[in-house]
Amino acid sequence: MLETHLRKRLEHQEILLMTHIVLGYPSFEDCYRIVEAMVAGGVDLMELQIPFSEPIADGPVILMANQQALAAGATVARCLEFADRVCREFPIPFLFMSYYNILFKFGVDAFAAAMADRGVRGAIVPDLPPEEGADYLAAMDRRELAPIFIYSPNTRPERLARIATVARGFVYCVARKGVTGADTRFSAHLEDYLRRCRAATALPLAVGFGVKDRSDVEFLTGKGDIAVIGTQTIRIIETQGIGAVTPFIRGLRP
Amino acid sequence: MLETHLRKRLEHQEILLMTHIVLGYPSFEDCYRIVEAMVAGGVDLMELQIPFSEPIADGPVILMANQQALAAGATVARCLEFADRVCREFPIPFLFMSYYNILFKFGVDAFAAAMADRGVRGAIVPDLPPEEGADYLAAMDRRELAPIFIYSPNTRPERLARIATVARGFVYCVARKGVTGADTRFSAHLEDYLRRCRAATALPLAVGFGVKDRSDVEFLTGKGDIAVIGTQTIRIIETQGIGAVTPFIRGLRP
Amino acid sequence: MNDRGYYSGFGGMFIPEILSTTFDQLIAAFRAARSDPAFWREYEAIMSTYSCRPTPLTFAENLTRHFGGARIYVKREDLNHTGAHKANNVMGQGLLVKRMGKTRVIAETGAGQHGVATATMAAKFGFECTIYMGEVDVERQRPNVFWMERLGAKVVAVRTGTRILKDAINEAFRDWVTNMDSTHYVLGTACGPHPFPEMVTYFQSIIGREARRQILEREGKLPVRVYACVGGGSNAMGLFSGFLDDPVQLVGVEAAGRGLASGAHAVRLSSPDASVGVAQGYKTYFLQNRDGQMKETHSVAAGLDYVGVSPILSQFKEIGRARFEAATDREVVDALAFTIRKEGLIPALESAHAFVQAFKEAPLLDPADAIIINQSGRGDKDIFTVADAFGDPAWQQFIIDKAERYRA
Amino acid sequence: MNDRGYYSGFGGMFIPEILSTTFDQLIAAFRAARSDPAFWREYEAIMSTYSCRPTPLTFAENLTRHFGGARIYVKREDLNHTGAHKANNVMGQGLLVKRMGKTRVIAETGAGQHGVATATMAAKFGFECTIYMGEVDVERQRPNVFWMERLGAKVVAVRTGTRILKDAINEAFRDWVTNMDSTHYVLGTACGPHPFPEMVTYFQSIIGREARRQILEREGKLPVRVYACVGGGSNAMGLFSGFLDDPVQLVGVEAAGRGLASGAHAVRLSSPDASVGVAQGYKTYFLQNRDGQMKETHSVAAGLDYVGVSPILSQFKEIGRARFEAATDREVVDALAFTIRKEGLIPALESAHAFVQAFKEAPLLDPADAIIINQSGRGDKDIFTVADAFGDPAWQQFIIDKAERYRA
């Protein structure tokens, strides 16, 4: 199970790193090379985003990546193929990230089965609150896959607790209001919020939205368990090429 | 008095000819030459139109002439000067034709005085029905000037009679509905109408709107007393020059 | 001789003889209709089912707060079908045309508003329709021409005179003297020969009747002043009609264009450039020269760009029953922008003249008092003019791109 | 967990976690307002003083005669302030925003109609306002952008996705997840996550309530069928709401664009190109491919050019409570031209879809029966599109001349 795996890693690392790529952007070949580079850099787990035409919770950078991947011909089938390969070849856990329509059109149960088949360990579906996810929860549960849910600074205490009852693997704590890719002020405010998250669940906490560099990761160390680096790696690849990925990741932790 | 003069001429001519010019169009100099040419051709009396910016009862040809005369600088003062000269130099009666605002702004009484002064014998004011013309009638009457009124095919019998009581000189019978310059079908219908006019007034009848050539004049002979040639002479001057005026007028009667 | 529609010496019927019978019929038909209580009911019924009457009286809360004086109400003639008070007049005359058994209507138009309204009425009643419009106006008001044509009207571009509203009126009269048997001339404002000033006022009086009732309901008392822009004077007469017997100040606002001193304006009731004259069939104040030739006029609002004015308003001026002010193009565009921003209302450029004056006076009035501004029409029809007044570069680029595509 | 707005399995709330509290507040505020009788009264009061409600129900005498079947009535939402039924929804949500104490509103817009309506409401209520609009729509609906800016709104051209309505909705959500504390998202149609479908329907139900009362007054009986165009579904739901418990056929008309076979259309409820999916926060029929990626849509009417549709209409389709038809661009332009010519009414291109279907069916119905067509908006906003559809050369020349002057 994902949680067990993460706990084990946490015995050796004060904080884990999770990165994110959009499948098919800039191409599936490049995606493979990026995964390779990230693993070489020492990431602990990765989100593979299946592109969707309406990525409502994503900011401009990831949004554009979604569109370009689709324009270049990315399909769900090719994303599954890709996941199959990286799960076999790399020793870290991979998660799918996508919007609910991708799962819904595939068939939620069939999708969970396909994930299990290919060794994908869990999924993040930002537009699927637990209340809408009964089928999904059942299907994931049946295959011991982790449905990753989200905490936000706006989530009320009783809701944090309720979400904790269905979440598996870890909880993804959105560091601030807004979409992916915008700047986050890492502040006392954030510390407070993470304390509330910690109180609500025994699961490891991933912290995302706006983690850019080593000082951000340092800030999170001791407060969260996983630092999520999303948009920043896309920016680095776009400006400095895939060759810059490994040193970037490596540089995030001391 | 105008009527007496006309009756005298009618002893020698079965039908009289009245022509029309717009003062200042194309220029006052040309107007003088046109009057000269018309008198040479044998016209019996003439309308001198003082141009107005809103000649509501005139068709496109005379309308344009009004505008161009004004654009070239025609003023009421220059029109009076012109009238003064032609009345002195030519042996036929001249009438003013204009819209009421010209008289009104000048002062109706002053205008009548100016006419009398210069020897103009009467006036046609197509937008001044007798009901609106008490001042005008009084002023004209005081100077034995002829206020020429209009009959139309739409004028009801009792109104024909009423107009007859204030009209002097002659009555202008509009041959048809419409503005100046459009074609008129000279028909039994017209004959009928003129019979009604004749019955309503003892004054000579002028017939206007659409008289173009000798056959029109022949048709009118015996039915009316004066054939009015308006737009047609402007057309002839525009297409054939002032030189064509005398032969044209001469050719209208046998 | 019987009544010829004089108001302290203004008005009258200066019409070509050929129309005398037509006017007799029209006067008779109008008198009969007016004294038939069923007629007004029929009129109200059509205005409430085909247009949106009664139009609302909107309390302009934000403007009131901003100016800190009188409580400002706006009478919403912009919500009429076709977007202006012109609908009131054309539907009324349309009912008369049916009574007279005529089958064709003609009209002049300046802004295009009255042309669209007439063409609409003609479509609804199944009349043939020809609209006369100065060539200059055809060019600047093309959207309205487009809709008139879609409505089945023939739009004739008038190329004579100054090629604007007054020339279109002349041309309509020329049509009428030719086709009076089949045709009624739907004059668009409270001008022209009797009975038009009275008749148009009668139909537009629905504005004032409603406004009076509405303000009494809302405020429990009469307004201290009411404001209307003055082109020909129909929307002003419409609003004023409701308050003639009341202690209410009537304020008419004319178009001062580029300023009274510039000569480029349309101020007839409070400018030395105007004097009493007779044209287009009636006696009133005209912008004319010493000889009586009409002058060119100017206003950013095409519907106010006219040389004459209702003889009834000339009377009101003479006897002091109404006060007349003027607003410049610049003031008008500013008041328009401010009203849009503050209240979400988009008055027509014409109507914005009334807003200018009300804005000047509201702060000086008692906060317990109410005033009414007549929003005679809606301003989205004016986008080509307003966008130019604002000099909006994005709009210009849009037009340039559009043109590019048409050229291709 | 409590009610999440499902209609036979359509609807729901597929929202990012960060909005959960915002939606809880919104649902609570809406529930409270709806169960407070003073709220609806306040709503009706503002709609009758700021807009022109009740809007008339116009008997289309000429169309009725022409088709020789059912008596055709037209519900005149075009006479609303800002020119469409969108006003009903925005004013209602505006009142809620005041109740919730928020100070800023955002909205998506396609045709621009909802954007103008929202910007108007924001000006009136003194809210800050940002409007998201696909870049393609910004280009084709420039006049509306101009007015939104004059109304004080910030208009953001959305350059992502297909750069039309659905992308504007996504972008509005992105704003909302950032600014939910100060900001309310005024969704423009009966789509999106709960409570929007229910809430927008509630405000738009004023159309159907009035129409039912009006037709009973006029005809003494119910209509046999009522017709509305279907974009997101708000005007249709508004009209239908009045007749849900009656034996009245509800007919929704979608945009068949260049024809169902062409793929260039926006038919979600009666086309094999559509299937059930979840996007933009709710479950309904979407035009999407097998993977669940949304397709491009097309309609001559920008307001119908949308991939999703109200979940309540999906339910009506599923349970057979409404019938759905489609009209092609060509049919729409023809019906528009015919309606203008015959009745002097200028429906919006969106609304003209409903006219197409009514014209097909009216001749087959009993002359003693009545039908109602919802004229959801006025068509003069569409002049750039309509002039192109008619290929009017004079209009093109006008634009070319105008561009020439801007270039100079």
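Note that the chains are named A, B, C and D in the order they appear, and that numbering of residues resets to 1 at the start of each chain.
Keep in mind that, in the parts below, a residue touches a chain if its C-beta (ideal position, glycine included) is under 8 Å from a C-beta of that chain, and two chains touch if they have at least 3 such contacts.
Here the structure is a predicted model, which means the values were calculated and not measured.
Peer 1: Does excluding subunit C break the complex into separate pieces, and if so which chains end up together?
Peer 2: If we ignore subunit C, what remains breaks up, so that the groups are A, D | B.
Peer 1: Which chains sit in contact with both members of the pair subunit A and subunit B?
Peer 2: The common neighbours do not exist; no chain touches both.
Peer 1: How far is the middle of subunit B from the middle of subunit C, if each middle is the mean of its Cα atoms, in Å?
Peer 2: Whole-Å distance between the two chain centres: 37.
Peer 1: Please tell me the distance, in whole Å, between the geometric centres of subunit B and subunit D computed from their C-alpha atoms.
Peer 2: Here the centre of subunit D sits 65 Å away from the centre of subunit B.
Peer 1: So the centre of each chain is just the mean of its C-alpha atoms; given that, what is the distance between subunit C and subunit D in Å?
Peer 2: About 33 Å separates the centre of subunit C from that of subunit D.
Peer 1: In subunit A, what residues contact two or more other chains?
Peer 2: none
Peer 1: Spell out all pairs of chains that touch, sorted by label.
Peer 2: The list of touching pairs comes to A-D, B-C, C-D.
Peer 1: Could you pull out which subunit C residues touch subunit D in their complex?
Peer 2: Subunit C reaches subunit D through residues 48-52, 55-59, 62, 76, 79, 81, 83, 119-124, 126, 139, 142-143, 145-147, 149-152, 337, 340-344, 346, 380-381, 383-384, 386-387, 390, 392, 394-396, 398-404, 406-407.
Peer 1: Spell out the residues on subunit A that touch subunit D in their complex, using ranges where they run on.
Peer 2: 52-57, 59-60, 63-64, 67, 70, 75-76, 99-102, 104-106, 126-129, 131-132, 149-156, 159, 163, 174, 177-179, 182
Peer 1: For subunit C, which residues count as touching subunit B in their complex?
Peer 2: Residue list for subunit C touching subunit B: 1, 4, 12-22, 24, 160-161, 166, 170, 173-174, 177-181, 275, 277-281, 283, 286, 288, 290-294.
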